[in-house]
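Structure record follows, encoded as structure tokens.
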Amino acid sequence: MKPITLQELAQHGPTAPKKWTAINGIVYDLTSFQHPGGDSLIARIMGKNGSLDYNKAHQKQLVHEVLGNKIVGSLEASLTTPEAVDDEQTTLLTSEKPNISTMINTFDFEAIAKVLLAPEAWAYYSSGADDEVCLRENRLVFARLRLVPRVMINVSVINMQTTMLGCASSIPLYLSATALGRLAHEDGELAITKAGFNSQVLYMLPTLSSYSLDEMLRSRHPTQQVFSQLYVNADRQRTKEYCEALAKAGNVKALFVTVDAPQLGRREKDMRMKFGIKADVQQEDNNVPKDEGVTRSISSFIDPNLNWDDLPWLKSLGLPIVLKGIQCKEDALLAFEHGLAGIVLSNHGGRQIDGARSGLEVLGEVMPMLRLMKGYNKDKFQVFVDGGIRRGADIFKALALGARAVGIGRPVLYALASYGQPGVEKMLSIFKSELEMTMRLMGTRSIQDILQSHVIATQLTSGNGGSLKDYMLDSLYEPLQTQAQRVGFGATKPTSKM
Amino acid sequence: MKPITLQELAQHGPTAPKKWTAINGIVYDLTSFQHPGGDSLIARIMGKNGSLDYNKAHQKQLVHEVLGNKIVGSLEASLTTPEAVDDEQTTLLTSEKPNISTMINTFDFEAIAKVLLAPEAWAYYSSGADDEVCLRENRLVFARLRLVPRVMINVSVINMQTTMLGCASSIPLYLSATALGRLAHEDGELAITKAGFNSQVLYMLPTLSSYSLDEMLRSRHPTQQVFSQLYVNADRQRTKEYCEALAKAGNVKALFVTVDAPQLGRREKDMRMKFGIKADVQQEDNNVPKDEGVTRSISSFIDPNLNWDDLPWLKSLGLPIVLKGIQCKEDALLAFEHGLAGIVLSNHGGRQIDGARSGLEVLGEVMPMLRLMKGYNKDKFQVFVDGGIRRGADIFKALALGARAVGIGRPVLYALASYGQPGVEKMLSIFKSELEMTMRLMGTRSIQDILQSHVIATQLTSGNGGSLKDYMLDSLYEPLQTQAQRVGFGATKPTSKM
Amino acid sequence: MKPITLQELAQHGPTAPKKWTAINGIVYDLTSFQHPGGDSLIARIMGKNGSLDYNKAHQKQLVHEVLGNKIVGSLEASLTTPEAVDDEQTTLLTSEKPNISTMINTFDFEAIAKVLLAPEAWAYYSSGADDEVCLRENRLVFARLRLVPRVMINVSVINMQTTMLGCASSIPLYLSATALGRLAHEDGELAITKAGFNSQVLYMLPTLSSYSLDEMLRSRHPTQQVFSQLYVNADRQRTKEYCEALAKAGNVKALFVTVDAPQLGRREKDMRMKFGIKADVQQEDNNVPKDEGVTRSISSFIDPNLNWDDLPWLKSLGLPIVLKGIQCKEDALLAFEHGLAGIVLSNHGGRQIDGARSGLEVLGEVMPMLRLMKGYNKDKFQVFVDGGIRRGADIFKALALGARAVGIGRPVLYALASYGQPGVEKMLSIFKSELEMTMRLMGTRSIQDILQSHVIATQLTSGNGGSLKDYMLDSLYEPLQTQAQRVGFGATKPTSKM
Amino acid sequence: MKPITLQELAQHGPTAPKKWTAINGIVYDLTSFQHPGGDSLIARIMGKNGSLDYNKAHQKQLVHEVLGNKIVGSLEASLTTPEAVDDEQTTLLTSEKPNISTMINTFDFEAIAKVLLAPEAWAYYSSGADDEVCLRENRLVFARLRLVPRVMINVSVINMQTTMLGCASSIPLYLSATALGRLAHEDGELAITKAGFNSQVLYMLPTLSSYSLDEMLRSRHPTQQVFSQLYVNADRQRTKEYCEALAKAGNVKALFVTVDAPQLGRREKDMRMKFGIKADVQQEDNNVPKDEGVTRSISSFIDPNLNWDDLPWLKSLGLPIVLKGIQCKEDALLAFEHGLAGIVLSNHGGRQIDGARSGLEVLGEVMPMLRLMKGYNKDKFQVFVDGGIRRGADIFKALALGARAVGIGRPVLYALASYGQPGVEKMLSIFKSELEMTMRLMGTRSIQDILQSHVIATQLTSGNGGSLKDYMLDSLYEPLQTQAQRVGFGATKPTSKM
């Protein structure tokens, strides 16, 4: 929807040829609209935010029915009057988008994005594989770790800085590759790139981007270092050219090769949607069927033949190689033995195979094994983890279990969808604020102070899968009833007040 | 409420001096009632069941408001016309009490009783101690035992007969003592006594009965054997006289001394009610304060001094002694060592101390210990269990763990409240039907075929307490919200159809 | 309900002698109907789908009340106009049955069947024993197994083919015997037979079929192999004749003898229904009481005397014998020692004895024991499992634990009820698509690649029973309240926005 | 709100210059109010409780809108007419605050406080850190301990008296320091001080009090002993002066130094509120930003440098030192080795770091270790615990695990908010009544009778965190739907009555 500023709106007052008003964030053209109660009733809101007047008189949904075909655009959020934001009652009545300053955790952005995103985009971003057990487990696993705070430690200064793959970062977190950023916001990957630089956080450029690789690389600050994701193309020459472009641009410090997606997963919410969005996918392939949701439309080029024998070729592409999507200690060991730069323990955000373990749970299995390996050096073989990171305390938990850093995916898209580049920066500042507090309350002054002993991980592998709500079963199952309930006997008796 | 037959009702037709009608099971006197729409509208339902006519025209609750002061009684359930029962649609409309033949499990009676009982009676019967965790756990523990059915066994004939304390029983189940039976039904303990005889099931006469001990004893069939519960009175002479009366009456085969109630528990639902019911309590004590619910009103005579040193005196009362309310292996052992006839593992229906274990869980601890005891003989020291028995399979599980038989309490009261004596008999026939099927499907032809190997009890002590819903916490806790939810942003957006 | 095509409907336009319209999928005869607003209002929808017009003006339920006695049939789903299917808004308004092409998982069929089936049929198919803990556990157990995907394996080609009992199958899955197929669809077992052939999947012909054995056998493709279920009849001669008919027809490759049902279980939802359906049951027995639901009506012929001594006789019937309904390792061992062809680990879809373990859980106990047995050969003694299979990943999990193949029951009936034979075929194609993806993402190219190490089964026996919702308890239990809640203090205070 | 007695109200009848009425507990000035229906309609309620009349005619919320600016005060609860209290129906209609005599557990006060408190105060008191898992876990952990009652013990007399840090107490419980008592009630800490004396319970004076230290100390009974909490100030001189004032006042018996709050936690409910309350905070600091909720406004003075090297200085302040906020056995050991008087195992009411363990869980880890320590003496190094104590049985459980006594925080504030000083006293009498009953039913006559063997603690560390509801996830997650549900197919079909 076209964003409209208050200034533009003001040019469409009661005497202008085109008369507009804004109601609950949407701008309508009332030029030809006749109010049943007379024109004078609406003249006063022409060229202004008419939400308060409207809401006093009408149900909110009425405007959609009556003026649904007269929408001009949406009132630009950053221009909503500050007074309106401060006055909570007004905010409530007009249902304008909350001011970015009221965002206090990462979930706040998700809730905004859920409202603003097109249904297809929301379905594509938020969906997971099959019954989405894995998707939810990714989040819930963090609550199974208990924290053990230490007290009486001087924590006046907290230092969260670290390095990953030789690059400095203000916090042990990177922005993971996510496909189709323009489904979230017009500025897509370019906004993420800039927010990463401003926040001193590394970004892993996606293969399935909305902007071209060249556009992403050029949008960087001249000194900005980035990583690059790689889906290996069935046409290996294409992949080779892709990596040459990376090398030519410079300051691309590692290649994260996605290995958990020889075929992109069944994401049913996405499948139920039609592919009807104009975002450009940079990996063009015209043979993709158009009726299986976003996921199926974009994945056909991925090479299912990729295997360990391809590693020499991958290494020959000239960048440090990190395998993204390792899910057990056996494969972690293979990656280590092949002399790679690192791995990402990940189940692809719960989007590939339902029932897989969360990256965090696999981390608890991988690190003890790695530490026993001859030649293992945590700086030379770095272990990352992603999936479900939503709190600063989650980063702390992952580091306590041995991760070098964590990747975040959906939170970036949700912040981007909510407020563009400033949203991503705000979201990152919240992570920093939360991690700083966690480190202070845990009695850890720097990243290297964070130890396994700061967490109790005995429940890590206890398996939440079995107790997670099964929505399909629940929605189809009809509860047993007693005969009295079945025939309604006593249904009119007031509940006794015990 | 006074039960009124259809015959009686018919004598109050449109030409009788007193004009009655029945609406949804309640009989009203309409003699002086003027219908706003004219008398002719109601003349046709005088002397008849007017439910259908009424329900077509009015909301069900209206009649309570308009005619609440003209109630004559309730239409007797056993006389509702058979056609009405067969025609389910009619049953639903008129909300008449379901016919007893439609009861298929014990919960069915509870649902009926919940409607029919006075709020005070329902509160007294259904309540448990404190947060009622124990009350609910008593039921849920049975689901933690898994059954191991054996197949390819000739199960054409199933024999459920057993003996307890030397008395024959058609099923390994007895009717436990419950206080104040007349809160459930006018016939109170007398109906239970008779139902017990008809069903060949033993009844444990309660101390806190609605009818006098003498009335209960006299209501027995001449050959009927019973047990007797005993709350030891602070005035020991009173207890002595009580037992002498039992001995004199004859055929009282054991004394079940309640040992878990030196003070009756805090049952909050009951406490919130006022004691306002006319049922006579046979243990009269005029010093009881009248404002703390039924429980507090009836318990002050119980002797908190009772202890193991009293056993010689208890034995001297002349009857086999069973201690009711044992809750750990240490006390079970003491009872065994004191040469008693048996014990009941019980937490008093979850009514005494919240957080106690269920009788079934304690059974799993007690039996392995007892079997190691020198001189232990399962016929000479019998172990009973009560609490939460609602299915035939529950009886099977208790027997597999080593119980001689199970006691049931609330189901008796609920069946009694629903349909009087026939209700108790029907409820017992359901237990028999369910146990027979369970035994057949488990491949066990008789009680002695039921073995520990028929159940998997590894989850028995896994502690449901910690995962049971905490109603107090839940009702007071306010969920966290995101900012968007808090200010209602997007609240009018239709849910996306994913 | 009679299916009516759009062509037929069109022949009943405003000038035809019989005037029809279709409203929300149901065809009504409006010939003699007088619309309160005048005939012209309905003339325009005669001979057409009038849903849109109707829905704009009326509540959906009104038509049932007004025209409930004028139903002609149902608008045939496959003939709904493609435009209507593509236009989701229209689909929603008219609530026509979704097009079969929109089915993407097996639950989709269940949801359709739940709407289309007669209440008695739905109750019969969907119900389980007692509290239905076992029924739900059958589904939930699969979520307790975690998958361990392996990466960097060439998975361009996936082969799902296997054999069972010497017969080839396109997927390790067979269609289990289910009673009374015509409750689901007019074509009943005949449609299942044909769908099995078209999908290269084996069908186990049911004893309690709607069509006669002869009709089922004749409906096969000339080369089609099948299995046959067997309830042993108390009159053994009847069983002998049944098997002779199987032998005579040819291409019946195994006899699956149901051993978990000496008596059919208590399925309360079914019991609460009256037996009022005209489907013919092929095991006629006129002594069955007519008032205990479908289950009780059809089971009285089953022989409760069947035992291990009958095995020589069973073997003499001339077909490889598989025992269906084994539920513990002891009985599995007996079956193995008796030299049978295999077993089905099954609790009869949770329909026999509540509290039994799922087939999958028993599989985890049986396979390690079998592998230790001298002479055990997985091709000569095949272990099948059924119960709760709803996803391709479920098949994978069962195979990883050692099953030869899985049986599916209810999904067949639900697909049949939804779309007839094409529904069953579509449902099977979904299973294939899901299993193929699971195998690819797990890094397993063929059935023999699937190993125990692909799953983590530590939670398999952790016992969900104890934490499953107890609907009876929950529906009857009244939550505790604080005094303020009880008297409504503060009930009108708006919730604070925290 | 100013409390107004019925006597005062009566002086403002229809002929008085100022005309008042009380509606649902609030007193309004109607002098200048014109009722649309004429003055006579309201004349009759002038000077009286007009709730019944009002409620018969109007929706409850109307009065807030119409007379919200005419509030005089609140009708004093203790003066509501006894008849109104006895007549439950009336109580319900008028929604007057329930009489204090109807409070039967500590949750009752919380429910009242939730209604009466200003939103900001409720948010500040009730909130916890981040996702509030820790906050809820604090309560739920108690249900994971099972009680093992012993029977046949003479429990006619129960003695709950104990000492802590040399001070006598009527019950093993103290009133913990809580900030800003005047947010709850005008009398704030002064009322708590007096209630503590009347109930023979010790009070720990808070540093962040609403009344000055001097006012609190002076409000004591001349012989009353108290403890004092201490947040160490970044300006150590301030702290020194604070302790000198304590010493000078006398009868301050210990200093509880809060060590878990180098920074006050993120409490999101509180953050979402603006700091808009006039309660005076005694630790003035003008540099606090005013927009981050109560918590952030009051915490900036706390010294994050505090560490074990400061202990000599802390000891030099002249009072026995107890460290409040110890959360693991390592720190408990350090405190013991530094020769302190004791520790409080606490996670600060779940307000500091989410994911920390409850004090009770830490207690189960600390006590076995301490008992092995050379020189450990439970009288010389006392271990306290707080967090989630709401029942007498909770105190029992803590003592059984080894605690000297428990601290309670929020219940004090809620009782204070509900009924002022009498509320706190009533709340304490409930704790005493519950603990007495628990001790009697457990067979323990005095505090020293309470042993580890009275509880089963095997589930103590089983980790509820992982199964607690995740409100953020739940509120944002959209359940999967089948296609039929998605398009509303069958939505109008009545639910089948199974």
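Order as written gives the chain letters A, B, C and D; numbering starts at 1 within each chain.
We take it that contacts are C-beta pairs under 8 Å (C-beta built on N, C-alpha and C of every residue); 3 or more make two chains touch, one makes a residue touch a chain.
Predicted model, so just to flag it, every value in this text is computed and none were measured.
Peer 1: Between A-C and C-D, flag the pair that has more C-beta pairs in contact.
Peer 2: A-C
Peer 1: Work out the mean Cα position per chain and let me know which chain is farthest from chain B.
Peer 2: Computed centres place A farthest from chain B.
Peer 1: In steps of 5 degrees, what rotation angle do you get fitting chain B onto chain C on the CA atoms?
Peer 2: The C-alpha superposition of chain B onto chain C needs 90 degrees.
Peer 1: Over half shared or under half: which fits the residue numbers at the contact of copies chain B and chain D, same or different?
Peer 2: Since fewer than half of the residue numbers are used by both chains, the interface counts as different.
Peer 1: Return the distance between the CA-based centres of chain A and chain C, expressed in whole Å.
Peer 2: Whole-Å distance between the two chain centres: 38.
Peer 1: Using CA atom averages as chain centres, what separation in Å is found between chain C and chain D?
Peer 2: Computed from C-alpha means, the inter-chain centre distance equals 54 Å.
Peer 1: In chain C, which residues are in touch with two or more of the other chains?
Peer 2: Residues 88, 102, 104-105, 107, 110-111, 114, 126, 131, 268-269, 272, 462, 467, 472, 475-476, 478, 480-483, 485-487, 496-498 of chain C each touch two or more of the other chains.
Peer 1: If we count contacts the way the header does, which residues on chain D are in touch with chain A in the complex?
Peer 2: 88, 92, 130-131, 133, 259-260, 262-263, 265-266, 268, 271-272, 304-308, 310, 323, 325-328, 330-331, 334, 352-357, 461-463, 465-468, 470, 472-473, 475-483, 485-486, 495-498
Peer 1: Under the stated contact criterion, what part of chain C meets chain A in this complex?
Peer 2: 102, 104-105, 107, 110-111, 114, 126, 131-132, 136, 139-141, 143-156, 268-269, 272, 390-391, 393, 397, 434, 437-438, 440-442, 456, 458-459, 462, 464, 467, 471-472, 475-476, 478, 480-481, 486-487, 497
Peer 1: Applying the document's contact rule, which stretches of chain D touch chain C when the two form their complex?
Peer 2: Going by the criterion above, the answer is residues 60-61, 88, 91-92, 95-98, 102-105, 107-108, 110-112, 114-116, 119, 122-123, 126-127, 269, 272-273, 482-485, 487-493, 496-498.
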